[in-house]
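Each of the next two complexes has subunit A plus one other chain: subunit B in the first, subunit C in the second.
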Partner chain A sequence: MNIPIWELFQGFYTLFTAEPAVSITRIALILLGAVFVYFGSKKILEGLIMIPMGIAMIAVNAGTMFIRAGQAGNLFVDPLIADSNTLINLLQINFLQPIFNFTLSNGLIPCLIFMGIGAITDIDFMIARPFTSLMLAVAAEFGTIFTFPIALAWGFNPGQAASIAIVGGADGPMVLFTSLTLARDLLVPIAVIAYVYLALVYAVYPYLIKNLIPRKIQGTTMDLHSIPKVNKTEKLIFVVLATAVLCILFPVAAPLFASFFVGVAIKEGNLLRHFEFLSGPLLYGSTFFLGFVLGALLTAETILDGSVWKLLILGCVALLLSGLGGLAGGMIAYKVSKGKINPLIGIAGVSCVPSTAKVAQSCAFKANKRAMILPFAMGVNVAGVITTAIVAGLYMTSIPMISQWLAGG
Partner chain B sequence: MRVKLKFWVAGVALAISGLLLAKLIAPLYTCQVTLELLVFIAGVILAMAGLGVILAGLRKS
Partner chain C sequence: MLPIRALLYAVIVFASLSIITLVVAAIMKLLYLIVHRKEKI
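Right, the complex of A and B next:
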């Protein structure tokens, strides 16, 4: 037996056999994973996603080994398998391959998360100010709408441009679903970028608020008595109608609408056991596996893809534009209502449930200890989920028309 | 109760008009893509406005 001693430590040895750029990126991703875990545990970033994602990033980039014929790989997941025989083999080897193929790459996980989100969503808050909530949510779609032409101008095809533009909605499951439908080739980088950025919403949006909205206005109080008590039967009828209308309009996004509204219907229908299942094990279990699989997908090869830096910039632009749009909408609502609406609820139109609503409340609370705006911010947040789903549905339905239009048809 | 009913009727009528516009009228213009897209988007906006009117009616509970 003549085995070189360094081949016993393949995780380390593969750092020297790969190209320098790959090795440096692997080390950087291991460190970044550690940062995610730390920030997630300190609640600076969203821990539910960041901790499993960070651990998986560390493990997959440290645990690289020689698989066959001196080729480096890992035992986690290979997202780029197209050949069915190889896939069958890998399903029995890579431990996260079944989760990737049977829950993520077919859009199941986004739908499961949407069921959970539907179950924890209270539409009463949206009913308190329906038009204001919807208008603010539309304003916060600024990024999802205007990043699309920017991405087109930067050389992406319409499907890819729409997928990266949806990052501006700050709704992870929606980004996954849109990418799966319109740009499967960019699913991994877009999904990873989207979730990394969503975690940054906690850290970046407060700065946006602090620098753009005067402190006195940030502390504007709102009348909590304006939240109505709505009959559950009426809410159920609305849910049934909304499901039917949205699914007829956007059949491509029907799985998302069905998942979201079944969650809402179970909550409003008082099905306690189902509600507990959707809002607990299903939501948190799906979120955990999503974070873990995304972390395992974040390898040096993914990051070094030529289009990633463009996606990083466009994702950032989309989220910034949406945040700015939401705050601009909030300021208009503040002026029109003569100071009765706190403009910070506008940023909750960016539909990262419930993160952006919590950001709005926390900033308002810092400015004025009596400012309770969370219920209204949640109303805008829920409207944001619906409008982002509509924009996603609009993209998925109209991309063939837009492609034809761009081609001069 | 009658006020609420008005909201429901108006909302459902708007939503159905939107659906008709987006799903029945828009496909008639497949040879004029810009027009098809515009009619489809107008239908979506109308249907959404219908749902908004129903939501506003629920507020009257």
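Right, the complex of A and C next:
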């Protein structure tokens, strides 16, 4: 028997048989996975996503082997299978293939996460002050809308441009859902970039606030007693109406609206067991599998796609534009209300629930120990979820119809 | 250079978002006023 000893250790061996760029990227991704785990454990990045993602990245890039006829692959997941016979085979071989095909690629996981988010969302302030909350949220959609022409000018097709622009909404499930509908080929890089950037919101937005809003204005106090009382019946009526109106307007985004509002309805309907299920096992279970599957999809082949560096820049541009739009909206509200509204609640319109609201509160608290703006910021935050869903609905509805007209520009 | 049609489309999306949001906000305000009408009386 003549078995080359190296071929027994295929993880190593494939590093030498592949193109140097692929091998170097594999090693870089293993190291990046370790960095994600470290930052996640230190709470610098969101650990709930980053730790499972980091471990899966390490495992999938280290565990590369020869799968058929000298072709390198892994036993995790293959996202590019189009042939149904091959897919049936792989569902019995790759251990994450069923999770990918039955929960991620059909948009189920984003919807499950949205049910959990709905269940932990408080809509009181948004209902009591709908114009303030929703108009600030509209201002914070600046990035989700005006990154689109930039991405189109940079060579992406309309569906891809819309998917990367939605990153500006800082809403992970929404990014996933839009990419699945409009740019399936870029799902993995866009989703990973979105979740990494969302984790960075904690670190970057405070600098934006510090450099753009005078410290005295950052500490503007808001009167908590000015928030009108909202009863449960009123909230349930709103949930019913909003579900019907938004689903009639955007059937393509109806699964997202239904998932979010069923979560809110469960909470407001006092269904304790359902609430515990949605806000606990369902939300955290879905988040865990999302992080783990995304990590397993992050292979060298994905990263070496020439458009990834452009996506990195555009994701950053989208979030910056949204943050700037939110703060500009906040400053307008501050001026119009003659100093009664703290402009920092504007940045909470970037709908990373509840991170951006917490960022606004933390910056206000640093400037003035008596500034309590979290309930107001949460109202804008929830409104941001709705406005991002509306933008996603507008994109998903209109782009398939007018993509040729857009390309002609 | 930004494609003019894409920019126009972005402006239309922004305007549509603003209008839809205003309608949603108006419905919410109306609902709030109806529910709290008795309290004010």
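As a convention for this text, the second predicted complex is superposed on the first by the 402 of 409 C-alpha atoms of A that agree within 3 Å, B and C clash if a C-alpha of one lies under 4 Å from a C-alpha of the other, contacts with A are read in each partner's own complex, and residues count from 1 in each chain.
Please note the rule applied: a contact is a pair of C-beta atoms (placed from the backbone, for glycine too) under 8 Å apart; a residue touches a chain by one contact, two chains touch by 3 or more.
As the structure is a prediction and not an experimental result, all values here were calculated from the model.
Colleague: So which one touches more of the residues on subunit A, subunit B or subunit C?
Modeller: The partner with more contacted residues on subunit A is C.
Colleague: Could you say whether A:Leu272 touches subunit B, subunit C, both of them, or neither, answering first, second, both or neither?
Modeller: Neither: A:Leu272 stays clear of subunit B and subunit C.
Colleague: Which partner does A:Ile248 reach: the first (subunit B), the second (subunit C), both, or neither?
Modeller: First partner only.
Colleague: So in the superposed three-chain picture, is A:Pro228 touching just subunit B, just subunit C, both, or none of them (first/second/both/neither)?
Modeller: After superposing on A, A:Pro228 lies in contact with both subunit B and subunit C.
Colleague: Let me test your reading of the model: by the given contact rule, A:Ile402 touches which partner, first (subunit B), second (subunit C), both or neither?
Modeller: In the superposition, A:Ile402 contacts both subunit B and subunit C.
Colleague: Between subunit B (first) and subunit C (second), which does A:Val240 come into contact with in this model arrangement: first, second, both, or neither?
Modeller: In the superposition, A:Val240 contacts neither subunit B nor subunit C.
Colleague: Let me test your reading of the model: by the given contact rule, A:Phe146 touches which partner, first (subunit B), second (subunit C), both or neither?
Modeller: In the superposed model, A:Phe146 contacts subunit C only, not subunit B.
Colleague: Considering only touches as defined above, state whether A:Ala137 meets subunit B (first), subunit C (second), both or neither.
Modeller: So A:Ala137 only meets subunit C here.
Colleague: Just subunit B (first), just subunit C (second), both, or neither: which does A:Leu304 touch?
Modeller: Touch status of A:Leu304: no partner.
Colleague: On subunit A, which stretch or stretches are contacted by subunit B in one complex as well as by subunit C in the other?
Modeller: Dual-contact residues (subunit A): 126-128, 130-131, 134, 228, 230-231, 234, 238, 241-242, 245, 249, 390, 394, 398, 402, 405, 409.
Colleague: In their shared complex, at which residues does subunit A touch subunit B?
Modeller: 126-128, 130-131, 134, 228-231, 234-235, 238, 241-242, 245, 248-249, 390, 394, 397-398, 401-402, 404-405, 409
Colleague: Which stretch or stretches of subunit A touch subunit C in the complex?
Modeller: Going by the criterion above, the answer is residues 126-128, 130-131, 133-135, 137-138, 141, 145-146, 148-150, 152-153, 158, 161, 228, 230-231, 233-234, 237-238, 241-242, 245-246, 249, 386-387, 390-391, 394-395, 398, 402, 405-406, 408-409.
Colleague: Once bound in the complex, which stretches of subunit B touch subunit A?
Modeller: On the subunit B side, the touching residues are 12, 15, 18-19, 22-23, 33-34, 36-37, 40-41, 43-44, 47-48, 50-52, 54-56, 58-61.
Colleague: Over in the complex, which subunit C residues touch subunit A? Could you list them?
Modeller: 1-10, 13-14, 16-18, 20-22, 24-29, 31-32, 35-36
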